[in-house]
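Okay, so chain A shows up in both of these, paired with chain B first and chain C after.
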Partner chain A sequence: MTTPDDPELELEAAPLVRAYVITNGRSLPADDEFSLITLVTAAQDMPPTGQLDPEKRRLLDLCSGGYLAVAEIAGHTELPVGVVKLLLSDLTQAGYLYTRAPVPPAKLVDRRILEEVLHGLQARFG
Partner chain B sequence: MTQYFQDPALWGLIAAGTPVAATAIIRGRKTIAELRKEKQELKAHYTSLEEHYTESVEEAKDRAEEDTKTALKSAMRTLQGLAGEQQLVITKLQEKYGDQQILQDLLDIDHMNSQFARRAQSIAVLCDGWLGRQRSAASLYDVVRSAKGRIRHFTRVEIRAQSNFAIVSRAVEPVALTLAELLDNATSYSAPETMIEINIRPVPKGVCIIVDDAGVGMNEEEKNRAAKLLSSERSPGVSGLGNPPQFGFTVIGVLAARYGFTVSVDSTSPYGGVRAVVLLPDELLTAMPEPELRPDPQLKETPAVAASSPMPPDQGPAAPAPTTSTAFGGQSPDPDPISFGGQGHAAPAPTTMGGLPKRRRRGAISIVPSAEESAQGTDGDTEDVPRRSSEQAASVMGAFQRGTRSGRRSPNAFTEGHETQ
Partner chain C sequence: MAFKPVLDNGVYLRDSVQTAAKILVVGHFAVGKTTFISTMSEIPPLRTEEVMTQASAGVDDLKGTPGKTTTTVAMDFGRLTLSEKLVLYLFGTPGQQRFVQVWEDMSRGALGALVLVDPDRLEESFPVMDLVEHYGIPYAIAVNRFGDTSHHSDKEIREALDLLPETPLVNCDARDQRSSANSLITLVRYLQSRLN
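Moving on, here comes the complex of A and B:
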């Protein structure tokens, strides 16, 4: 049926398992659940992984070395970021992963205190 | 009665009548024989005419079928090519806009494209056409999932078990298409809220893929017709699909005969619907293609990275990885197990307790390339030792000396970064 000398055989073929099958047609999670810089790591006492999809097992492998950002994880898989987020969200809910909010940016520090410190330092050291 | 015998008139009559009667009888017989002959000739003529007629009708039909097939085949070839191209484009778009709202729509478009490609593929099968791009060997689970993605109501399909089997390269597409047609039937002939269940079971002759639906099932007549289509060597062709055309079993029959697997739909599922069983013989099975998957990410790390545009994030965040993990108390900041997705790969270096990459001492090679290597590196010829120049010989000797000296200086240097550190 396929002729071996078909020139098109050499062309790149798209991945066999499509992304929408991996998500099983579910709608993608809202943006606020996972951001690109949310940190994820594998749980210490993980439930058995035998029945997980190969993609999820691969994500767990990636996360087993310590905290990784969602963006990094997605970069290592060949999946779209949104799909990776959905899978990570599944894994987190099932207790395979811990997530951690991104490192809080400095905006939480009170500007007034900083200014006072600055003034103090200026007064002290000129 | 006897009185007549004595009557001379009677005798007279007999004497006169006999020849006449005899002649009449002979003449009659002759005519009958002639007629018979004529009739036989006519019959033969008629038969030959009839045969010729059937032959020419058959011939015309075959020719028409062939013409239809050729035309459809080339048309489908174009459509399949386009669907394939589109799939690649969609894949790239999905990676590019992976973090945006549009991804959901791209996934939907991808799903529709897959269904469209499958339809074209099925028609191509009936025309002895092109089945699609060659795939590399894939795990049975992935082939089943691929099949699942080619039908409309794929979310109703539940794959119950994974397996350690993989399918050989040439059978990946045929098996996926077969399963897709079975799943299409299963979803079409069962209620929308019911699930289709797929089980994978190893048997002495190979592996069975079992598709159970909770539909209305088939009656005896339908079962017989299906069995005939599924087992026939010769496809009924495009003109034999019936009205409305029923592709499924015909396509499956052709594929099964051509690739050497069997499909049966004659049993009833535990849910009252149809149970379809695909039996893949050992010839179509292989070990899990694990080693083939592994080098993939590795290729991405090497210069080929530039070729795949969606990969740049791979490079950027990969570098700060160790920093992140050490900063947040990770145990192993070594990026290797991360990028290669697990242990057991040839490349990843083991780490010490302190988290530093542990270098393995590579014998004398770590100091100087071995004789073969240096020969390969210089003139690319391992056998031709005499052609080595005096400078090369001197450098090799010098290196040898340096090597033995450094070896003597560090008597127990099997490893660097010992665990006790």
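Moving on, here comes the complex of A and C:
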């Protein structure tokens, strides 16, 4: 078995083992609760943070400056996306975070969004 | 142990932003994806790492995990706030077939894809074309001419890539912001035309 106490394997598998430890060995969510572009920020009045483990505290600190997309949180913390999604999911359920869901892929919404994207690009670069 | 992120101003989105949209910037190895994203992004481009588990073909599997290997796929992305309410993310997505799992994730919720191609290496774009077609992602072609020694015409490129007549094909220098923005505008116009 690949175990973290085998020094040779540890080096190679370090990021994975780290992910495993951070998530308490739970499998990573494959669900759609968070996409890469779900926008997240810290709640205004959040529960006490004293009991949170360091990785969650770190995410919360990052999120307390304003809204960021899930992908940005992964990028800044250098954690794998799956791990970030799981930690964010826990924090959201516990009332520490707010989210803004990404666009539902409905035709009507798409039309409006495409218009906004086009206008935005033209205004800035046209 | 509080983590104080050392982050510049402008890292966070405006509070007024309600909606996030996503466009993929795809293409084969070294075709200019990262360059394009850096050119267009308002923040220094970031990377995400996706840990992928895949069934492995070989017999020399990792001890204790028969039939499975894990690989990390790095994707870079950038951000463009386009209005008070809307932010656009550009995700660079590698074009190799073995990253299908990543493509499945990336294609979900994407408005469309800009496919960067180098006319001197057209055959290298075939796997990418297969992927965008397979996932049904609407796309435009951005021709990134790195010198283009043989001066391929648009017609030749269209034929080689077997493009539909309505698929937009636009010249693009990924190092140039106007040119890159123009490719995105071309893609978005095409996406709009498909709704009519």
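Please note the rule applied: the second predicted complex is superposed on the first by the 85 of 126 C-alpha atoms of A that agree within 3 Å, B and C clash if a C-alpha of one lies under 4 Å from a C-alpha of the other, contacts with A are read in each partner's own complex, and residues count from 1 in each chain.
Here is the rule we use: a residue touches a chain if its C-beta (ideal position, glycine included) is under 8 Å from a C-beta of that chain, and two chains touch if they have at least 3 such contacts.
What you see is a predicted model, and the numbers here were worked out from it, not measured in a lab.
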{"item": "Touched partner set for A:100, first chain B, second chain C, both or neither", "value": "both"}
{"item": "Touched partner set for A:124, first chain B, second chain C, both or neither", "value": "second"}
{"item": "Partner chain in contact with A:43 - chain B first, chain C second, else both or neither", "value": "neither"}
{"item": "First, second, both or neither for A:51, with chain B first and chain C second", "value": "first"}
{"item": "Contacts of A:72 with chain B and chain C, given as first, second, both or neither", "value": "both"}
{"item": "First, second, both or neither for A:115, with chain B first and chain C second", "value": "second"}
{"item": "Interface residues of chain A shared between complexes with chain B and chain C", "value": "1-2, 15-16, 19, 28, 36, 39, 54, 58, 61-62, 65-69, 71-72, 74-76, 78-82, 100"}
{"item": "Chain B partner contacts - residues on chain A that touch it in the complex", "value": "1-3, 6, 8-9, 11-25, 27-28, 36, 39, 41, 51, 54, 58, 61-62, 64-69, 71-72, 74-76, 78-84, 100"}
{"item": "Touching residues on chain C, where the partner in the complex is chain A", "value": "1-5, 7, 11-15, 17-22, 43, 46-51, 62-65, 70, 72, 77, 79-80, 82-83, 85-89, 91, 105-106, 108-109, 111, 177-178, 181-182, 184-185, 188-189, 191-192, 195"}
{"item": "Touching residues on chain A, where the partner in the complex is chain C", "value": "1-2, 15-16, 19, 28, 32, 35-39, 54, 57-58, 61-62, 65-69, 71-72, 74-76, 78-82, 100, 102-103, 105, 107, 110-111, 113-126"}
{"item": "Touching residues on chain B, where the partner in the complex is chain A", "value": "81, 84, 87-88, 90-91, 94-95, 97-100, 103-104, 106-108, 110-111, 114, 125, 128-135, 138-139, 141-143, 145-146, 148-149, 154-155, 162, 170, 172-174, 176, 258, 297, 311, 313-314, 316-318, 321, 324-326, 328-334, 337-339, 341-342"}
